Structure formats: structure tokens, C-alpha cells
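First chain A sits with chain B, and in the next complex the same chain sits with chain C.
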Partner chain A sequence: MVSHVIPKTYAEALTVLKAGNHRVIAGGTDMMVRHRAWAGLPPLFDKPVLFAFTLSELKYVKEDEQVICIGAMTDLETLLHHERTPALLRQVIAIMASPAIRYVSTLAGNIVNASPAADSLLALYALDAQVVLESTSGKRILSIEKTIVGPGKTVLHDDEMVAEIRIPKTRFTHTMFRKVGGRRADAITKIGFVGCATVNEGIIRDLRLVFNAVAPVVVREKSVEALHVGHSVKNVLSDTDTLMHHYSEHIKPIDDQRSNQHYRKEAALRLARHFLDTLA
Partner chain B sequence: MPDIHQSVPKIDAKEKISGRMTYVADMRYDDMLYAKTVRSSQAHARIRSVRVPTLPEGYHVVDHRDIPGKNVVKMIFDDWPVFASDTVHHVGEPIMLVVGPDKRIVQTLVDAIVIDYEPLNPTFSMTDSVVNYHYDKGDPASAFKAADTTVAYDYETGYQEQAYIEPQGFIGTYDDERIHLIGSIQAPYYVKNAVIDTMACDPDAIRVVQATVGGAFGGKEEFPSLMGCQLAVALNKIKRPIKLIYEREEDMDVTTKRHPSKTRIEGAIKEGRITALRIHIGIDGGAFIGLSGVVLSRAIIAATSAYTVDNLDVSGDVYKTNTVPNGAFRGFGAPQMIYAVEMFFHHVAKHLNVDVHDFRLKHLAKQGNHTSTSGLFRDPILMPEMIERACAMSDYHTKRKAYANPEVYKGIGMSWFLHGCGFTGSGEAEHIKAKIKLEKLPDGLVYLRVAAVDMGQGAKTTLMKVAAKTLDLPLERIRYENPDTDLVPDSGPTVASRTAMVVGGLVARAATKLKKTWIDDEHQVIHEQYVQPDYVRWNQDTFTGDAYPAYSWGVNVVEVEVDKTTLEVEVKHIWSTYDVGQSLDDNIVLGQADGGTAQGVAYGYLEVMRHREGKLLHKNMTDYVIPTAVDMAKTTTELYNNPFALGPYGAKGAGELTLVGGAPAVALAIEMAIGKRVHAIPATPEYLMEVLHHAND
Partner chain C sequence: MPTINFTLNGKPVSLNTDPTRRFLDVLREELTLTGPKEGCGEGECGACAVLIDGHITNSCILPLGNVSGREVMTIEGYRETKRYRVLEEAYIAEGAVQCGICIPGMIIASESLLAHNPHPTDDDIRIGLSGNLCRCTGYNMIVRAVKRAATRGKGLW
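So, the complex of A and B:
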């Protein structure tokens, strides 16, 4: 059995983290499943646990002119209904898991869990989200891409926790979100896609294509996107094969119990192509 | 009492909905111990040695050496060991129980047991036949010789998991030299009889009581006999209360599932009609035969489903593989065959380039026709009007024309089907010999003493209604407690769509007798026993005669839309018409219809289970995807009244019928939407992507 701490304040939480080797639990919707034990026995945690979900200091949604700031312990159901939540993020949250799970799960938990199939990460990657990490020694602000380095792997230090998620305010003329799961609700993603674009007088001004569940981390290739910005939609659509070829190198899905690599790859590329078609 | 079909509140609804109902996992005794199963990690291996750590005081292991009687679970084919002795045949095969008071320590001991295996060559392909059946009808050889043309197609179906809400479990006590088992079970006497053999004891030494069952779907027909035998051996050794409850993953990993199947159908066609069929179905039995032979019987008897074909050559095999044993599941072999036959009729019509609907109607079974096994369809068949009604409700004909355009990615599919009610052939008369008792106490309360289990399907409510209506008493005067083998005679297992028709029939007869002989303030007991209708003749060796005393009939229409980009299937609406004889309670039958259709349609397009080298890949409710309320389409269902003379108030079977047509209906709808033939279910987006790339037409 391991010990657990339920801190009263955020400052106390950071102090506990500094002192020991604690695992932080937000909503616990992944951790409690992963560490489940025989019914009636306590979960099998391998480290002491810090329960952060009760930290009301970290439950907020604020904004200034450029950025929306989401406190790390804000649950997804709150975000789903919050007027400041970016529309794309809200669209993603709406089909995530089940209502019961949404009431306790958090963006911070999704980030640290770092599943390549996490739905919310699609929106966070597309929206250039930044993650504020904090310890008693101070804050670090990292892009979402820099925060997550592999399946279940982040750059968080042992004494750090996620304090806030910052999402720059961005407008697009076109967005598309598609999740392909085993069923229409309460399903883990087989493959997911978000496309965002701004098209002005036939010219692509901004293009973002994001895929999940197709590689060890969420795929967004800014260099490929950049190749197409400034070009006409017509031009891009006349040669989608090249663009698809670029993504083909990065979309390397696996066979597992939920789907197979052939389907995942093809469905991912078909979705991207479908999104591009909507720009015309 | 009003008309029998008029719904009453289900008598168990309040307790279940409010959460007050007690299930076996909720029960506890003082001094209770917990049991956990040690299982094989190998698909096929010889056990060289088992190293058990030193057990703390009060902890025990129980294995094959503790079995006083036979190390076999008594079923139809007695090949299933209670505990593996020297060889294991599938991953998850039980080897021993670890029993003790503290779950943590029990788990630690389970983890510390080291088993040394000598690997043997496992078989995963359907090559090793252990049961083979064959029958003919008419003269198939001549019909094939005389044919204008012949067509052959292959079909495949996958596993299906029952996915009952409540995992399997038992609690047992040992008092006064008697073993008392309480479990989540469908067949109290199957458990009792199996335990008697394993314990080699007097029948009176075993008492089996059904705990409230949180869903079963066939999954609690034969499997609980295995757990019951193991627990009885443990109780006999340790003599203290023991609880053996499976966790969800353990349950999904090791309990019986629907048999994967491969079917080849060859048709002889003359003058636009199918004159003969040659059918072979192979089912994957898993490591032990268990009930697989009986499942195979029902599958081959369903060879022509709702059609009549005069000449048949039908055969089937159960193949043994080193995988989890497969077994009973709502439909019991019929869903696999009916899927294949329905697809085949469509594919032949397409091949002949004739209208599918007209082609099917030409072959529809009629009263007076011979069944697949050369028996007789004696009773009226309402299918023509049920089909017409289903077409009208769903606007089938307009839609199938509109959806013929491959650009719309929409489809509508229709299945026609029947289900034989009760045990196959002479099973009721020769094996089950159902007995019931109606007991009237001096206070005027009437107790139904039957072994039938209410697993959510409404058996209690419907059988109590039958008794109340016949006795002309209010429902409150009827009592029906969970079966206890000390109190109820063996009215048979709660399986095979037999409970309403067979057990309900006995209840009605007993109630009629009681009413005639009723004496106020007296204790009266009425006994009743099943008598096979004398016209039912069955030859089990040749598979000829009346396989069932009665048939229920159904039509499903399923409309789908397929996403052009991802090939995900959305089921838009399901329309159904059913003939279950006389409904004993409309809401209960409609509940069966919605649940059965959901399970049947999902079998066709959604529910995926596979194994890799004998290890199941889908063993929790996250990975094994069943429909949620969001996935489930709106249903419109109409019931047709077609009373069966020997059923209570005319009732036939309703439980399985509603499942068997779902898969072909959805598969045909998908086929229309994508413009390619579907030869395997579940028709997942992954499968459809493959079909789009590789298949013709």
C-alpha cells in the first residue's frame, strides 16, 4: 500500500511534490483504470499519490486579448459549457467518453497521460496550446508538442505539475473534426483528425492538419503545412497526392485490438483529403 | 385479470431499478473466504511441475487431486475437466483455486505460484473435427445434376461475447455434510447434476440456489457448472463459506462465447429457382466440446431458415482448437447459419440478375411445406403479411430503389427468419423431462415451484401472469421465488426459448387442475410433467422429422448510412415484425425485441473479438465494443398474433428469435450502401475498406 495526500492548497501541493516522489491524480479516469485491483482491494499504485482534483485554485477559465487560460483542474464538462472555451475544443470534448467521465476528467490529465489516441490533444495541437508547468522552483511554459515526447511520456519533472493550459485565440474560416471510434459514444479513438484553415480570396493563409492514433505522438507537421500557406486552394487541390505523400511518412499506425494499420492510415489520409476538398 | 398480453409492471423492476436487489457479489457470510483461480498461460502444454509457495495458516490450494469423483464437468459431451491435471488446452484454463480470508494475500499467492510448462503444438485453425453431423432432404444429387447452373459462396462469422452486466459468480457454504451453492446461473439443475458427478455424492448432499441474475444470454447455461464444481471441491476440502466471483476481464477472458463459423453454400438453380443446396458449416468449438455439438445441431437444422428448398445436403463440423471453449449464446448456432443463408439468397438473386424480393418470395416457406429436416410446418405461417407490413413501415421498396445509386452511401436490408422453440428434436422428452409443482398454501398464496430463472427476460412476471390468469386470482396471490433445488423440481434449464412455451404450458395446465380441485384453507400440491405432442417425431441419427414442436417467425429491416470517407456505419432505424404466438406481456416481448435486435445487429457490424495465438485481444468493455444508447437506432416493432395450440394462451418462444435476423439485415443494408458483397461479419470499417479495395461487384 502507498500513502496519499489530499492537499488543501496549490502551494501545499507543490511543497509535497518537492519533498517526494508523488504521482499526481487529477480526475483519475486513466490512473484508476490502469492501477485497478481485484474488486474490494485498493488500487495498486506504485508511488505515493497526490490528489489534485480538489484544488479549487486550479479550476478556472480566464482570458485576455490573445489567450484563453484554463486552470489545470477544470473538468471537461465545465469546459464543454463554458462560453470562453474555443469552439473546436468544445466540439472535441462533446464526443469524448461519457458524461460521467467528463465530469471528472481534465485537459491536464489528458496531457500528462500522453496517449496518442487522446481526443483533446487533437484540438490542443491544432490550436497551438501551451502548457504551464510549475514546481516550487518556478514555472516553465512549453508548447504542447514539446511537452509530450512519447506514448505516456512527458518532459514533466518529478516535482512539477501542470498548472494551466493556454490557448491562443485564433479564428479560422474552416475547421473540421472527426473521430473514428469503435462506436458513436464512449469509445477510444481508432483514428482522429482535426483540420483548420483560413482561406482568403482563394489563398490559403493558415493550414493545420492534426492526426491522432496514427503514431507514438499526435502528428502535426508544421513544415508541411508551411509549404502550402500562401498557395491557392486550387493549386493545392490539383496536387493533393504530394501533400498526402508528405503525411504518409509521418502516419505510421499500428495493428491493435481496435483497428489495423492499413485502415488507420487510409482513413486518416482520406479525412485530410476530405477536409482539403471543403476548402474549395 | 385483463387480456394476458396487456403489460403489467415487471415484478422485479422496482428492486432492480432502485439498486436494492441483492446479487451474489453482495452476499457475505462470517468467516467467509475468497477464491481466485490459477490459470494456464499457455495455449497447449504439458504441466511439468507446479510450485506453490508455503501457504500461511488459513490459506489453501484446491486442484484436481482434491476431486472425490470424476474430473469432468457433466454436460452433453463430457470432455471438460474441472481442473487441468497434466495438460492444458487453452490460455486461461483453470488449474487450481487459491482460497483464503484476505484477498490481498490470496492474490499474492496466486502471483507467486510457478508453473513449469512443456509447450505442445497448439491448433488454431478449423481442421481438427471432433463432431460431424450430416443430413439429406429429398435427392440433392439428382437436383444438382439437373441444374441449369450452380453457384457457391463462402461466409464467415466472428466471436460474440454475451456481455451480461453481472460477471459470473458463486458463493458456497458447507453445513451438515451438505454443499450449498448460490450462483448467478441459468440452469440450477445443470449445476446440481454436474456437482453430484464431480463429488461422487448423494444427490441430497447438493443444494443449488439461483441468486438474482444480472443478465446471461446463454453465457450462464453451461459455464457455471464448471465454477460450481470447482467451488464444491473447495467447500468439501475447507468446509467454510467461500466466494468465487469473476472480475470483468477474467470473465471475458475465460467464459464461453458464440462460436466463430465458416459456411460454404452451393446452390443448384433450375428455371430461376434454387432446387437444391449443399451446405457445410464449421464452428470453432475451442478447447473442449461442451455444448458445441448441440449448437452445431441447431445451426444445421436452420439451414434453410424461413425458406423451403426441396433438396438438401447439409453437414457440419465442430472443430477443436486451443482457444477458450465456446458455448451457449442466445440463438445457439442459428445466427451463424441464418446470416449465411440470407446472404446467399441475395447473392444468388444478384448473380441471376433477378429481383431479390421476388426471388426470395418464391422460396418462402408455407404451411404444409416440409422443413429442412423433412418435418412439417403444421401451423399457419403469417410471413407474407409480416413481410408486407415490414416493407410498408420502412418504405423498403422506395428506399431500395433510391439507394441503388452508389453515390448515396445508404442502404436498407431485410432479413426473414424463424426460430425453433424449445430443445431440438426429442430433447424435451428424452433429456429434460420437465417437471413442475404448483403449491397452494392454506393462506391461499400459490407458489410456482419451477427451476426457470428470471435473468432479466421477465420469466417471473410472465409465468406468474399465466398462473394468475388461469386461476383467476390477482397477481399478488402468486409467488415465484428464485429456484432452490431443495424446493423446486427440475423443469429444465432456462434456455432454448422454451421457458414461456414449455414451462409456461406446464404452469397453465397445473393451474387449470388446481382451479378445478381448489379447496379453501387447504395445502394443495399439483404436479405436472412434460408430454411430447404425439405428432412430433424425430430421428437424431438421420436428422429427420420435426426438429421443434413450433416455430416463431420474424422480419427485420435495417437502414444504414455509411460514411464515404471513413466507412463507419450508422444504423438509422430498425423495423421488425414478429410472430411469437400469443404475447404473454407486450412490454416484455418488446423489451426482448429491442434487446435481441440490438445484440443481433451489433453482431453484424460492431462487435469484434479476436484472438492472437489463443489469447483474446478484447477482454474488457472498453475494447469489446457493444452498442451504447447513442449507437442504437430507433426501433419500430409490431407483434402478430398466431396462437400455438400447445403453448400457454398460445405463446411460443420469443427470447432468441429477436436476435437471429439482425446480422443479415444490417449486412445486407451495408452491402447496398457500398455496392460490394459482404461475406464476413462483423462488417467493420476495416473490413469494408478491404472489400472496397479488393472485391468485385
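So, the complex of A and C:
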């Protein structure tokens, strides 16, 4: 019988995963709720569980000249206070859930959970994060966009786990993060937005607009962004309707208990428009 | 089943049970520590809060397997400390306790906050307690109690 495993080392974890029979749990803040049974009963998992959160080898924040590397089991509260954490990511983490949740939740867990409403994903998409997946056969390094393919769906193989998140160091002249939620803490987002830009002598050199909770996956349209790079802020602001029209095609929210399609779309586009106004 | 070892209120514990069990259930049913309460059961209300390596954690969504090798303190262990005495006096003096069900979690959240930030502002306190709900809505008194404890417990945190 295959049983639950609490590996002592990362190597042991990868060896256990090789057979493809285990479900990896990090902090468990999503998985324990999704699979919960009645109080007093263990949750109902579809596979035996591999507990990865106590693997100290995967708790680190390192950097070289270009990239910040975050070990998969680094908790969000550590990242919130770490000097190497990119400012934008720190800003997003600060309003995520509550301290009790942040002490046990991880970026890796957010990525594999692949919620279209995940706050941290806004920053990871905006910062061009890469995800290092590892199995006993080796490593694969994928962009965050290529890692997540649908709500709750990733390209992870059954024998792989997230080893590390890599974030290129990038400077922007303008950044904005807004989360619309029911309250200031412990709220799942109705709609979230991150805008990043670099403007030099009135010309847009870099533009990144990212939306969550508006489509099956986080929305970032690099082709639309590219249309505006190299143009003057003045030109872009003189015709924001065209830009909004482009995003309108990709922002297709749903009605649920937190918000509705109409509000989400309107709020998303207004936040983007507001960000563009700040570039002037 | 893997054997799970951890420290609970300063004493070593070794358990042979399903590691996917919610730590709250293990505490209340197996170890008969009923200080941590079940409120929402999904990590939103903080009634089940315990300290893991000194940090506040919701035990209702914490699998037992994640406690392996760590130091756990529940309200039962915490009440034997000097810091608890200061918080107790402050909560009573400020009238911060109404029905009481959220209070074990509020005390744990207060400790976790003060241990990392001994001189919190009102905003720091509200952020530190943001994962703990009080259905009697006595938040202002609780915030004042934490502030009073921070002042009176000088040097303890």
C-alpha cells in the first residue's frame, strides 16, 4: 500500500515522487480546505500525500546580479520582510490573507493551486517570473505563463515538484497594485491589477498590465503591451479607448459569490486606465 | 504511517496517526487540549490559532505532517508564561473579553505580533490581529489591550 510520506531530505522527496503516486502539499492552506471532511475527520485526498513544507533545503532567498531565486518552501511572511524580495511582490504579499496564513503559505503553493484570483500571481506575471520544476530526471525551467494553463491546472508532471521561483531584477519608473476585495485582510480578491512601466523622456520603454480574477488564468497580453512600447505617453493617453478595446477581448470575468461580470470588467479596465493616467 | 515527532508546550510528543489529520483535531481529541477552538474551519477566523516556532498558525487547516520536528505552543502552555500574565491583565483592564471564544486565538495573535514587533502602532496591531475575528465585535478594546500590554510588559517582548 502506498502511504503518506514526510521526507527528511529534498532528494528523498524527489525519489518518492518518481513513481507518480503522491500529491505534494506545501503549507496546505488551500489543499486542506478543498479536501476537508467533517470536523474531526481527516481530509479526503485523491492520492497519498507528500509533505514538503518542512524541507529546509527549499527555504531560501538568494540572488545574483540579474535574478532573485526563492526556494519553493519559503513562506510568504518571510518574503514580506526579506530585503531581497522585489518591492512589488512585497506590496502584494502584504495584503494577502493574514499573518497566520502567510506563515505557512508559499509562492509554489499559489502557483500549483493555479487560482485565477491568486494575488501573488499578479506580481509573478508582471515580473516575468520563471518556475523551476524538478524530478529525478532533471530540471525544467518555464515561464509562469507556460506553467499555469487553466484554473487549478498546471503543466507539472506527476513526478515533479516546484523547486524554485526565479524573478529577474527589473527597475520600473512606475508601478501600481490594486486589489478590490470585501475587506482589507483575509479577503479573496474580486479583481486585482498590477501595472508596471518605465517611461523615459516621455516615451514608454516598458509596459506591463496584469489582471486577475477576470479570466480562467491571470491576464497579461504581451502583444498588446508591445504595441505601445516606443510610443509617447501623450500618444497612448490620447487613445486609451483602443488599448481598452484590446483588453476587453481578454477580460472575460464570471459571476460568483464575490462579484459579477459587469463590475469586474468595468473595475479592471478603470484601474488600467488610471494607471496609464499616472504615467503622464 | 510515519511517526511524527514535535515539541508541545515544551514536552516531546511522538504520534503514530494519519499525518493528513487537521492539527486542531489532534490537539483537541488526541491530546485533550481544548484551548484552541474550531470557528470557521477554513483559516479565516483564527479561533484555532497556535504558535508554531513562535509564529501564529491556524491549526484547523494545518496538516499534522507539517508539524513534524517543530515547536508548538498552545494557549495552555502559553498561560504559564510571564508574557501571558501581562496580556491577561491588559485584556481584563481594557474590557477586551466578551463571550470569550475568540480570546485564546487573540492572545496567540497578540504574542506572535509582540514577539516580532514589541512597539506596535494601532495599525500594526490591526494588521497583526487581522486573521482573528471577534463576533462580539470588541475590536477597539482588544487593540487597546495589546497596546497596554506592549507598554506594561516592557522588556518582556
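Quick note on the criterion: the second predicted complex is superposed on the first by the 277 of 280 C-alpha atoms of A that agree within 3 Å, B and C clash if a C-alpha of one lies under 4 Å from a C-alpha of the other, contacts with A are read in each partner's own complex, and residues count from 1 in each chain.
What we mean here is this: a contact is a pair of C-beta atoms (placed from the backbone, for glycine too) under 8 Å apart; a residue touches a chain by one contact, two chains touch by 3 or more.
Being a predicted model, the structure only gives us computed values, none of them experimental.
Q: Should A:6 be classified as contacting the first partner (chain B), the second (chain C), both, or neither?
A: Second partner only, chain C.
Q: Which partner chains sit in contact with A:184 here, chain B, chain C, both or neither? Use first/second/both/neither.
A: In the superposition, A:184 touches chain B and chain C alike.
Q: Looking at the overlay, does A:257 come into contact with chain B only (first), chain C only (second), both, or neither?
A: first
Q: For A:274, decide between first (touching chain B), second (touching chain C), both and neither.
A: The first partner, chain B, only.
Q: Does chain B (first) or chain C (second) touch A:39, or do both, or does neither?
A: Once the two structures are laid over each other on A, A:39 reaches both partners.
Q: With both complexes overlaid on chain A, does A:60 touch chain B (first), chain C (second), both or neither?
A: In the superposed model, A:60 contacts neither chain B nor chain C.
Q: Just to be sure I read the superposition right, which of the two partners does A:29 touch: chain B = first, chain C = second, or both, or neither?
A: The second partner, chain C, only.
Q: Touching chain B and also chain C: which chain A residues?
A: 39-41, 184-186
Q: Of all residues in chain A, which touch chain C in the complex?
A: Residues 3-6, 25, 27-29, 32-33, 36, 39-43, 45, 49, 51, 53-54, 77, 97-101, 103-104, 184-186 of chain A touch chain C in their complex.
Q: For the complex, give me every residue of chain B touching chain A.
A: 25, 36, 103-104, 107, 245, 247, 565-568, 570, 606, 608, 610, 617-618, 622-623, 625-631, 685-686, 689-690
Q: Give the list of chain C residues in touch with chain A in this complex.
A: 1-2, 4, 18-22, 25, 29, 38, 41-44, 46, 49, 52, 55-58, 61-63, 65-66, 68-70, 109, 112-113, 127-128, 130-132
Q: Going by the contact rule at the top, pick out the chain A residues touching chain B in the complex.
A: Contact set of chain A toward chain B: 37-41, 178, 180, 182-188, 191, 256-260, 262-263, 266-267, 270-271, 274.
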